[in-house]
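Here it is, the structure in full.
Lettered A, B and C in written order, each chain numbered from 1.
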Amino acid sequence: MLTATLTIACAGQAAPRLPGELAWTIGSDPKTFDPAKVDDQWSEQIRYLTGGVLLRFNRLSQSVEPQLAESWKLAVDGKTVTFKLRRGLEFSDGSGLTAKDVAWSIRRVLLPATGSPVAEEFLSPAGVTVETPDERTVVVHLPRRVIGIGKVFDEIAIEPAERASEGRVTAGPFVVAEYKRSQYVRLRRNPHYFGRDSGGVALPYATGLRLDVLANSEQVTRLFERGEYDVINYLPPDYFELLKQKDAGAVRDLGPSLNTEQLWFNQVPGAALPAWEKTWFQSQAFRVAVSRAIHRADLARIAYEGHATPAYSFMSPANGVWYDRNLQVPKEDLSAAKAGLAQAGFKLNGSVLEDAAGHAVKFSILTNATNAARQKMATLIQQDLKALGMDVTVVALDFPALIERLMHSQDYEACLLGLENVDPDPNAMMNIWLSSSPNHQWNPSQKTPATGWEAEIDRLMGVQASSLKQAERKQAMDRVEQIVADQQPFIYLLYPNALHAVSPRLEGVAPAVLEPGLFWNVERLRLREAR
Amino acid sequence: MKAGVELLKRLARTVAILLFVVGGSTILVRFAPGYLSDVREMDARYAGAARVELTAEAARSSSVWQMLKTELGGWTRGDLGTSREYDVPVVELIRPRLAVTGGLMARAIALAWTLALGWALLSSAGRRPRMLWQAPSALLLAVPTAAMATFCLVAGRGGPVVVMTLVLAARDFKFLDKVLRKAWQAEHVLQARAQGVSTARLLWAHILPGTGPQLLALATLSIVTALSAMVPAEVIFGVPGLGQLAWNAAMNRDLPVLVAVTMILAVAIALAGMAPERRGEWRAA
Amino acid sequence: MAGGVRLRVAAVWLLAGLCVVSAGILIAPGSSTSNQDRGQVFAGSSSAHPAGTDALGRDRMARVAGAFLLSMAGATLAAAATTAAAAGVGLLAAFSPAYVSGLVLLICDAFLALPWLFLLMMVRSLLPLTTSPANSAAVTFFVLAALGWPACARAVYRGALGLKNAEWMLQARAGGLRGGQIARYVLPNLTPLLLPQFLVSVPAFVIAEANLGALGLGIGEPLPSWGGMLLELENSATLLRTSWVYLPIALLVLVLLLLEGATQEV
């Protein structure tokens, strides 16, 4: 009886799978199902899977494709967008989708009362107007030109006019059917979805999706091995190796992603740090020396088990259009680092590095506790910098405490974190590079640029935002990259590879490095036996 | 009459504990680092929305006294507040999870006690070597809950109940073993043994009744240990219970949920502490 | 009970021996707990690394020895402190007038329910970021000791209450026995409660220290943390790399058994 009770006690996962249903996990509950109010990662995933959008950004070809719109036209001045809708579009409840619904959805997103994060992407949402000359045409007038306006429409889900349904009535491939908090979200196939494959078969192939709320990597890996999940998005490198040993065909390493891991020093003039520490961190020679002393190859090999690429700039090689091959970067060179420090007035006193005033160089690196790879990187860097005579303490905090120090009190010395880049276009990085932005991590919210090179970066970002010529924009961004490489406000470490696990039973997978990675073409995914 | 006064005293005591705990939790959570920060602030797409929410929260929680008044005022109306993370009433979050956690804990405690008592009886009455009996509990105490969970997952067997049972049983065993060994050394027991009384009769008539008060005291300790073992077990196995809710609330600084869960915990501990105290004689002394 | 005494003596000697061996390993020339041999990550045993290396190529033998001494000292002292505190509070509650004991137990119960996680976060935020790993470890064990006593205090109170009403105690008190002397007579009778609490607290603190690493407390890198090495076992990918990952837990079980042997009553 005891054994029986013990075995019954096993925690099975949620509900059993329906035939033809795909399953994977999400890290936590989506904050909202209303596509206009999406403001976190998992809600965005639900919106991607359920929302019918006018245009879709093809993650593989990295170009905008018409979706609900049959065609679209952008005026030469970039201030008018005209969409022509397909014929016979329907919502999942069978009601017709016309220009009226499109206009209503767009206006709702722009309304300040909705509080949609997407509205900000229009730059001046208040001035945007939407017209519907006829049932199948929608004209959007923009007060200011927006770079990549096509991609913005990939984030606006079209809903029935006056009937916001929080994902229950959609024009996308799936519809929200069931939600059990902290357990799972179940999506059901939309029978009225417009998409068809080349043979005329209605998409999506899958009958539904089950997204289980599960954050524990160990559990996810085990359940994937047992066939409970078809996909693991963004696998940690050690579990990648584990799964690879069991079945090499089940794992995919897509090469470097757009994301970066970087180290930076606190350069806020008013920070609560001793004056001599501020001098160190604001000294270009100091930062460059630190960058030269770090062995990025070791970081990639040991912390990421080889599934990362050493990085020296914010443009990843995966970003084909914007990657600069001719960038001059300070490579690893311990003697050059020491020479640079000596020139800046630092000297070695035994094995301890001291600045010109005799203060021992000692600082802390802050990182977040839940990321094992970052902890390893911080410890590896600790030893690398010891070779220079610097005494580094590694402190791991949980995210809220970390963010408070980084963004509110600026009470930190150095920080090791990663940056996620979802959009390959550098215009999406404006908030990092503009010195007035609160996300200009090393010295946020500056009233006027604190240094000449930051002023230059501000100017160049303005150029890329306003220029109509791709070559001019590329030139500006190359210049920004060079300034960043010279000044090292961010000491880039690695581009982590995009690692995924795919069940051998899953067909139609065409993984892309850009998010959402494995299921960007979710309507074409299906399980082998469901034919 | 006396029973009535006793009951009132116990009720007053529970209310006092609750007030103390509510005030303490509010202050601890409000002033711990990170209350007014959100990881979404680092992401350009969501930073704006996150900042709006945080400003609203800062306005709501500018004064601790105000916060406490609002909390307590809400409870008198049966409203436990709204979750900061999920934006739904806290009652709605807690209700389905109470049953899950209650069931988990009841099963784990019952199994753990059975296992620990049985093992302790065998160990205390058994022959040497003593270390052999101690080794399993030493092993279970040395393994972190997370590692135990991983072993279960790798083996494909066992879940939160198994892990919690083993963790509790290991601790309970240590106490029970000591208590029972001491009881076996009592004079009247030794005499009875020498006279040839059977082990079973000794256990039933002398050992177990004599150790009654001690075992009851250990029950309280056991419940407290179970409450703390519940959180890692639920979090690792993804069980939708109170422990998982509490952990997520702690990581996201969700004050209303944390205060509500802490209250439930305090009630459980207060009830455990109110188990009848038999001020009977210490027979084995 | 000569066998029992021999066992006790043997256990104490073995524990002492372990400490000496660990110290020896650490002092040996060329041994380092933090030096990363980056070409030899997760290596098996070799002449340079008898117990292999860990995820960053550091010598496991030296790290286990260092962690043993550091965590052992910290966890044992903290466990002893917390058990002593529990004993003190329990006795105080049992031998005081009703209202004092009522208040003490109230505080005890309330203490158990409060979310101390946040106090720990506050402690971390008060410490300077460049606190050395050793200081951070000391603070961590101190805080653990300060928070661990309520769990056992009530059980001690119950036990002491039972003793209070025992005939011999009533007689002694009537005869004029006072506070401190009461403790001397009562404590030996409470050992069935105190010793297990101590023995349970030691591994609990070792593991708790590692879990506190997620809040910024705990033993900082590059000092070796026993709890940290135990937590390596939670990753099934690590378990497959080398069986030397089981060394810390084997050692901990051994130490717990030795402690059990050393503290048993005869």
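Going forward, a residue touches a chain if its C-beta (ideal position, glycine included) is under 8 Å from a C-beta of that chain, and two chains touch if they have at least 3 such contacts.
Remember, predicted model here, so these are calculated numbers, not experimental data.
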Category of the chain touch graph - line, ring, star, complete, other: complete
Chain pair with the most C-beta contacts: B-C
Label of the chain whose CA centroid is most distant from the centroid of chain A: C
Mean-CA-position distance for chain C and chain B (Å): 20
Centroid distance [mean C-alpha coordinates] between chain B and chain A, Å: 39
Length of the line joining the C-alpha centres of chain A and chain C, rounded to whole Å: 42
Per-residue overlap in chain C, given as positions that touch at least 2 other chains: 121, 124-125, 234-236
Sites on chain B at which at least two other chains make contact: 32-34, 149-150, 153-154
Sites on chain A at which at least two other chains make contact: 218, 222, 397-398, 401
In the complex, chain A residues that touch chain B: 2, 5-7, 9-11, 13, 28-29, 31, 39-40, 44, 115, 117, 120, 180-183, 213-216, 218-219, 222, 226, 397-408, 417, 419-420, 422, 428-429, 431-432, 438-439
Contact footprint of chain A on chain B as seen in their complex: 32-50, 52, 85-87, 93, 107, 111, 114, 149-150, 153-154, 156-162, 165, 235-240, 244-245, 248, 251-253
Touching residues on chain B, where the partner in the complex is chain C: 13, 16-17, 20-21, 24-25, 28-29, 31-34, 128, 130-131, 134-135, 138-139, 141-144, 146-147, 149-150, 153-154, 171, 174-175, 177-179, 181-182, 213-214, 216-218, 220-221, 224-225, 250, 258, 262, 265-266, 269-270, 273, 277, 279-282, 285
Residues of chain C that touch chain B when the two form their complex: 3, 7, 102, 105-107, 109-110, 112-119, 121-122, 124-125, 151-152, 154-155, 158-159, 161-163, 165-169, 189, 191-193, 195-197, 199-200, 203-204, 207, 210-211, 227, 230-231, 233-236, 239, 249, 252-253, 256-257, 260-261, 264
Interfacial residue positions of chain C with respect to chain A in the complex: 34-36, 38, 41, 55-57, 121, 124-125, 129-133, 213-216, 220-222, 234-238, 240
